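Following: one structure in structure tokens, then a few remarks.
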Amino acid sequence: MTLRFGVIGTGAIGREHIKRISNKLAGGKIVAVTDVNQASAQDAVKSFELDAVVYPNDLALLAADNVDAVLVTSWGPAHEASVLAAIEAGKFVFVEKPLATTAEGCMRIVEAEMKHGKRLVQVGFMRRYDSGYVQLKEAIKNNFIGEPLMIRAAHRNPEVGENYTTDMAIHDTLIHEIDVLHWLVNDDYQTVQVAYPKKSKHAHENLKDPQIVTLETKGGIVITAEINVNCKYGYDIQCEVIGEEGIVSLPEFQSISFRKNAMFGTHVLMDWKDRFIDAYDKELQDFMDSIKKTGEPNGPTSWDGYIAQVTADAAIKAQDSGEKETITLQEKPVFYSKPTEAVNA
Amino acid sequence: MTLRFGVIGTGAIGREHIKRISNKLAGGKIVAVTDVNQASAQDAVKSFELDAVVYPNDLALLAADNVDAVLVTSWGPAHEASVLAAIEAGKFVFVEKPLATTAEGCMRIVEAEMKHGKRLVQVGFMRRYDSGYVQLKEAIKNNFIGEPLMIRAAHRNPEVGENYTTDMAIHDTLIHEIDVLHWLVNDDYQTVQVAYPKKSKHAHENLKDPQIVTLETKGGIVITAEINVNCKYGYDIQCEVIGEEGIVSLPEFQSISFRKNAMFGTHVLMDWKDRFIDAYDKELQDFMDSIKKTGEPNGPTSWDGYIAQVTADAAIKAQDSGEKETITLQEKPVFYSKPTEAVNA
Amino acid sequence: MTLRFGVIGTGAIGREHIKRISNKLAGGKIVAVTDVNQASAQDAVKSFELDAVVYPNDLALLAADNVDAVLVTSWGPAHEASVLAAIEAGKFVFVEKPLATTAEGCMRIVEAEMKHGKRLVQVGFMRRYDSGYVQLKEAIKNNFIGEPLMIRAAHRNPEVGENYTTDMAIHDTLIHEIDVLHWLVNDDYQTVQVAYPKKSKHAHENLKDPQIVTLETKGGIVITAEINVNCKYGYDIQCEVIGEEGIVSLPEFQSISFRKNAMFGTHVLMDWKDRFIDAYDKELQDFMDSIKKTGEPNGPTSWDGYIAQVTADAAIKAQDSGEKETITLQEKPVFYSKPTEAVNA
Amino acid sequence: MTLRFGVIGTGAIGREHIKRISNKLAGGKIVAVTDVNQASAQDAVKSFELDAVVYPNDLALLAADNVDAVLVTSWGPAHEASVLAAIEAGKFVFVEKPLATTAEGCMRIVEAEMKHGKRLVQVGFMRRYDSGYVQLKEAIKNNFIGEPLMIRAAHRNPEVGENYTTDMAIHDTLIHEIDVLHWLVNDDYQTVQVAYPKKSKHAHENLKDPQIVTLETKGGIVITAEINVNCKYGYDIQCEVIGEEGIVSLPEFQSISFRKNAMFGTHVLMDWKDRFIDAYDKELQDFMDSIKKTGEPNGPTSWDGYIAQVTADAAIKAQDSGEKETITLQEKPVFYSKPTEAVNA
């Protein structure tokens, strides 16, 4: 059985996923594409030699009988409408972050999905498929370090462009930590606070960088997350979970080691696109496999998308207020309570 | 375009590849299977829900028009005949090691392939697709460490069964180092010598373990390779290339790090099957992609299979004689001189 | 020239220093001892076969002409009086922390020393002599990482006794970070805040453990220091300085590495006494050498003792209030402005 | 009690030891010096402000009643005569390598010392006092890795001068591995063989570099030692002991770690003098302490000096012959059988 995809949005990330499904993964096929820029949609079909129909818009594409699932890779503000329409049409949805640009929007999707009666939506939080995070999750679940008490995370980019603004440190950067860390410890966030250390001279005029975000969970875990998007030396993702019996940490990115020029070391990535390349493959393969095996996707849910949005909103508020802000989540529906375990993780 | 495979040999490794092509990789399909044990072939079709015909033998399978390529995963002594028949039929061949069980057999395949006029055969030396070795190769090619002078390698298994004999240290274990190391430094072997350190108490009565194999290349590189198949602590593959300007080494297998019980460390694999799992995927994906893009496979060639066999034979001789034995290769045909660079490495 | 020491306080730490000066370091000699417990003083002379006079109290000892310097290793509340008397007598003083138990007491010593006209006092903050911290300091001074922006520190003990109280996390544990970190970045503290993550089940009933202390410097550096005195796995001191161009971190404690039982790792210390053993030697050797070469000790000054006390007091207040507390230091006298660089570092 | 030293040879290494004993260690004092260059001896007294007599030669110095022990730090060919004279005079001897320049010379010292009736001589093989080697020794003794089967060692220098000849790779470089490795595994050498890999372009015309020396012990341990004195990247000493249950390795030299310029690493020493600086201190402190506590030095003995010389001679022969050469040691006298355990290790 082949899962037939429609692609809504044929920009850079849409094309990455088209390539993945066409040339690298098993069990999927692109049969339909659309983009607000129709020329882009047509070009994608041609470039990847797809046997796919170009549709004028998402609704037309969703009406096609041969479309089993959609990839929503349009720009963020368009996600909510496409996802709601897909649910309405009963199609599976793999949607890049954000699920919606507001908490209310996310909640509308949650409610639509619950009304539909089974899970259709997976949000593209790929870190849950990264081998390092999977090992951390496993270690915690196996009680290897006892109860988690603290987490130290860092999200570092060598540099960012002039268009990167202070709030993007939350919405575009920290958002991945927000998703993966509550999943890691199976807990919910309660408060968030943001501190601004001395500003790096490499940060452009209007950007506050670095930032330190402190999150507390309902269970009392304190998470200290450094966002540092002009760190110069590399793209570096760190995560250390400190438990009652010991500590586990993400591995460094796998590089040969070298001894040269009075140094012994490894290479650090400079390009973020290389860091989670395996995780991107795995999340999409798992999306397809889970649907085939269980009739539902098993990755990050609409509810996870809602959590990310509510948490990010509170963090943005904390950026402005300097105060500890409360994160107020609605009660988790039973619908979303069954564990989401990747089939292929 | 889908590459349609026939599988000759539906034992454990054959089934691994069937699963890979059916469920994990893009662009291939199993359309035919055979096995000396027909029940096994039928079971494979059933187990993996293949849309494939069961043939009575390799020749019948090779006669099928819809078979583009074969996987030769039968037992070693049967490889040569199947590969020769496949070449005769003009089918692409992915054959697990050994290409043939004798140097003469390998040479017959080389000659048949040259007569055919283009490369059809890829030998399953998967290490060339391992990210660590690929990085080492890249570093050497980029002159990062200058000319290579020495290599220190280790191939360690936690333990082996009673049926593992002293010569298998060469044919089953060192064979992977034999293939990957000459590729790494783009050089040919000249001599081989074997030393037996103090025997491990964990080695069974008739097994000499560990062994130290010293290989010299025509260019003067000295390779010291430890084979240690009762090392107890883990499955561990090490490779350090010492050059004129510096040293590069394989990374440790990627594990989370931990601090616990007065230790700071990482986990070491105990099961060899987990070590090169990505490389197995990549070699088959590359086999398919290369054929589609260039009309030929680009991985380890029949000539590489021949080199491995001649070198292993000399090493076996050196195991018995205790002397430095010469490795005598025929001159490399121009046919095999074009670089074999993985398309997807 | 031999520096002749009187020892005020012959408990455990006093005896460690007596051994050091008598048996391990060059240029010093114990000529006088006293203790509120006279039997202890006599026993010390006997145990270490000292050629030393036992005095009834610190004042009598300080009156001895042949005493050049004193080691103040009595209990904390007695330090201030002994140090003031030593300054009055014009003797050099090596005093274990705390310099005095109150900020006012420290300030009285500062003023007495300034009145005396040259530096006599060194406080026993040994970390400044640890090879790892010395390398960090050097790297920062050489602009290897640009301007420091953040520091992540951790102070972990495997466990503590029932008598260890929440405030001791500041006065006995964090006090070392307080001293060494402002020295490292050559900056002064401005605020301090304390957070309490989920409590470890290994912490006894009245102890809040772990704690996260956040210090901000006048220059804007944000320091996040974890105190975790029931971490179980080892005695572990970590310090990572994040600068504009890169990051430097303390080395792990030097251990052989091992591969065993499916692990690759190093040993972590369980006993804090082994961690800074070289630093204890070096601080005392430097005290003696500096006095001989420059007429003054060059280690941590009375002013550093004052800074530590004021900062610790604010941190204690922050433990109770949960708020960000201000650290208010008097203006640094020119007298203490000359850099204190260890002669032997 | 102070051990009063006479120094025979006031060149670079003699002066290092003079400084050490005068300014850094406890319990020793330089009271006499001599040098074939009398001006050098006088200058040493002046430079280090020694309260010491300059003698015209070693015999005159040895006749001085106030000399308890001598440091023999003259050039190698003069060692034997001075050591024999010191034994004759009943003085303790700390002699830098070589004990004597021939095996026969070493044996004459062994016999003289046995005739004297107690150990007087310690040879300056400082690695036995290095913390890393001490930990390896401890691990092996505690059966942490079971029986040792193989050792992989490397001795790398960034570069050497024009006057460094092929045989010096044995006498000056490998000599330290020769001493420390048999001590480590408590075994004796049996054979030695030397291989020459491809020559480094950085080696000057008459120097064969790198070299690989293979030593076998009587117990069957195979040691592979790389000598690589133009490795460019640093001064690097490696030692890995592979046992039946696991592996232990020397730590890297202790350096802060850094993340910078797309790299994560540590610094490697460029200057060999920094590598064993603590071991030099400890060997001399132990020499003094052992004599005081036990009446004899406890470090490397005359017999160890003899082993080193015999082994080095066989290795030189192996350099020329290309063959496996036998190492023939006389039977170890009971006199030297008592374990030599450093008092302060």
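Structure notes:
Think of it as A, B, C and D in the order they're written, each chain with its own count starting at 1.
Simple rule for what comes next: a contact is a pair of C-beta atoms (placed from the backbone, for glycine too) under 8 Å apart; a residue touches a chain by one contact, two chains touch by 3 or more.
In this text the structure is predicted, and so the values were computed from the model without any measurement.
When the partners of chain B are compared with those of chain C, the chains appearing in both lists are A, D. Seen from the C-alpha centroid of chain C, the farthest chain centroid is that of B.
Two chain pairs, A-B and A-D, are compared here, and A-B has more C-beta pairs in contact (counted per touch definition above). Distance between chain centres (mean CA atoms), chain A to chain C: 45 Å.
Chain centres here are Cα averages; for chain A and chain B they lie 37 Å apart. Note: centroid distance chain A to chain D, computed from Cα atoms, is 58 Å. The multi-chain contact residues of chain B, meaning those touching 2 or more other chains, are 232-233, 245-247, 259-261, 266. Taken in their complex, chain C has these residues touching chain A: 146-150, 152, 195, 197-202, 210, 212, 214, 216, 219-222, 224, 226, 228, 230-233, 242, 244-247.
In the complex of the two chains, the chain B residues touching chain A come out as 21-27, 131-132, 135-136, 139, 144-145, 245-251, 254-261, 266, 285, 289. Residues of chain A touching chain D in their complex: 232-234, 236, 252, 259-270.
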